[in-house]
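First subunit A sits with subunit B, and in the next complex the same chain sits with subunit C.
Take a look at the complex of A and B:
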């Protein structure tokens, strides 16, 4: 009977959880028992999964990594787990690609892809650069931005540089993502010796220091 | 005797120097705190914000009364309702007039769709009428691209420089 399977679990769980979460857990277990097709492994359902191997629940694709360790021991395979294992099987002698490395690998691939199209020169704070940008809403003419790099924020593919210039009497600062496909050319014109990584002090200084012909 | 006088003089000089050092250190510690806070977080243009007028409509300074569109305030490219606080003598607008205006320069960074951001050093507007046409005939200073999307093409055509 369903109820007989039901009861020992609740007996186990009752001392662990407080009175408040008890009705919630009961509801969840009732739900999952009614539909043995799927279970969502929550953190409190951890011991749940271990205990219920006899009931052979399938674990859905959105499980957290701790539950995945449990899943790998069990027989069932879901799509994401399958692709993980397939990816690992293909290059048999390479080290196993862990979950945490994937973003780093994708980042590097994206940087290499954009580097192959257009190489990025080495940019440092204090360089006076000229950037040619294609703005899709602007009649397909390349806009040219000149100025001094006052900061460079390294963030992989979203590495940005902040360019400052006095245009028509007003100081303008523009942040450009360096690996953007809209940027058609970056050229370093000059380099100014600075003793700082971020030149925010230029905002308070005379406009003469931020003008570039 | 001479040595003692020199010694006393030396001590007084040193005392003076140390006083100066103390005097200098107090404001410097304050400014160290202020340096941390002096990176101003620029925010929206809201009620009572003073803005510069950069066309030749006659107004010089304007105060925002209402930011149309936006619960927190107006940004670059938005339209505001403003009251003229200072005006040139004999211009098209007088002090105390209420007009619509479009923000053409804002100290708050505005993100663009390609991931870049623009930021100007001051807040400036151009006065327009209800239909969106500028009252003045010239616009001074740079204007951003964002006006194209907001359909303020006349201002873009009058501008000296685009962003």
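Take a look at the complex of A and C:
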């Protein structure tokens, strides 16, 4: 795909008149038709020779919209040849990571790492779940907690769910970090239809609504 | 780098005498991991160490945010994510001969050269360095092994499990009263009390007949430099060039931080 070789930034360089123009497929042709003088992005290690060739192609596409299809084909051929040369010479271009994205990237990586070891099912408020927890002190057996999910707080790696259950006549709510390495298994047993994201009203209701055998 | 190696490993050649009656605040802290060092004072008198000296070369960084980190036992550790912009380049090395004290000046955060004044640009161009926004000095005991235009790397200076001191500008709170600013206690809210959040008495009577200077009163709070000591480095991520530090650090995300190896009694004791 030719867009993979192009500057990643250009895919996000939305032309100024984008609101009025009809949005076409997000490809080179869309940019070439709208913006005759394409904004040159700030260079950081990008291969300038490649870019100039593409700019010249853009100008020709602008003047001759009917022959756009022909131009695109030729561009693809040129790009494939260029890409082979580039990969032979050096590793593929990695865009510089912005400092503002690092928090999101770290959270995502941590969640992916946790998911690869132990996949977490899709949890929603109102699910009746059973959680197997390993307590570091007594490593021999796993503690089992059952109950209804009354709230789910999304916070990246520290996403937590609140489980409510009546244990020995006493209502008990426990908060579990979903991606903790101590949680060995989460199994969704049932789902109760609820019309709310947080079921705090169960605290005032009859105990039998929070009882799970 | 000799300095980096000294600060990164437990120093075995540091000399300190056990009989210092100095009243410096550092001595009141208990000896931590260096209690196994021998207490024999070295024959030569060690150079005087001032309180403004660092235990080792540090880095400047940017606070990115906070998140939770699950360690191997499953404990949740609140960590601050600290990132590094392009910078941490030695801009100038000051020696006792030229400037009267030993220090390493480090620059941080590359910017457009149009944003710096000509004197600032000239200072950096003298050593052929890119334009940098912030310059800070790290005053060290010995400045061996540092040259201008030397890049300081995170992996050489800090390892996981190190203790660091982080200093930065705190969040500004504006003009605040005694309760928030100095942890004063409120007055009664009921029972006929007319004073709830006021200062109360600010002095004695006819003697001394004045208010002491330095009396804690309302004023501007925050927006000043503080140092948080002995924070543990939980993890270092080399691809993202990021450090995870346990606990909180001053400022909001985007704040400039100064990270130095922690000054612990075992490593340097000021001589008086």
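The rule we apply is simple: the second predicted complex is superposed on the first by the 120 of 213 C-alpha atoms of A that agree within 3 Å, B and C clash if a C-alpha of one lies under 4 Å from a C-alpha of the other, contacts with A are read in each partner's own complex, and residues count from 1 in each chain.
Definition applied: a residue touches a chain if its C-beta (ideal position, glycine included) is under 8 Å from a C-beta of that chain, and two chains touch if they have at least 3 such contacts.
Since the model is a prediction, treat every value here as computed from it, not as a measurement.
Undergrad: Does subunit B (first) or subunit C (second) touch A:137, or do both, or does neither?
TA: first
Undergrad: Looking at the overlay, what does A:182 touch: subunit B (first), subunit C (second), both, or neither?
TA: In the superposition, A:182 contacts both subunit B and subunit C.
Undergrad: Looking at the overlay, what does A:106 touch: subunit B (first), subunit C (second), both, or neither?
TA: second
Undergrad: Counting only touches as set out at the top, which of subunit B and subunit C does A:173 meet: first, second, both, neither?
TA: The answer is first: A:173 touches subunit B but not subunit C.
Undergrad: If we overlay the two complexes on their shared chain A, which of subunit B and subunit C does A:200 touch? Say first, second, both or neither.
TA: first
Undergrad: Answer with first, second, both or neither: which of subunit B and subunit C does A:97 touch in the superposed model?
TA: second
Undergrad: Applying the document's definition of touch, where does A:157 land relative to subunit B and subunit C: first, second, both, or neither?
TA: Only subunit C; A:157 stays clear of subunit B.
Undergrad: Which parts of subunit A are touched by subunit B and by subunit C alike?
TA: Common to the two interfaces on subunit A: residues 158, 177, 180, 182.
Undergrad: Show me the residue ranges of subunit C that touch subunit A in the complex, using the header's touch definition.
TA: Its residues touching subunit A are 62, 64-65, 67-70, 72-74, 76, 81, 83, 85, 237, 240, 242.
Undergrad: Inside the complex, what are the residues of subunit B that reach subunit A?
TA: Going by the criterion above, the answer is residues 39, 105, 109, 114-122, 124, 140-142, 145, 148-149, 160-163.
Undergrad: Can you check the complex and tell me which residues of subunit A touch subunit C?
TA: Residue positions touching the partner: 97, 99, 102-103, 105-107, 110, 114, 134, 136, 155-158, 177, 179-182.
Undergrad: Using the touch definition from the top, list the residues of subunit A that touch subunit B in their complex.
TA: By the definition above, subunit A touches subunit B via 135, 137-138, 143, 158, 160, 167-177, 180, 182, 200, 203.
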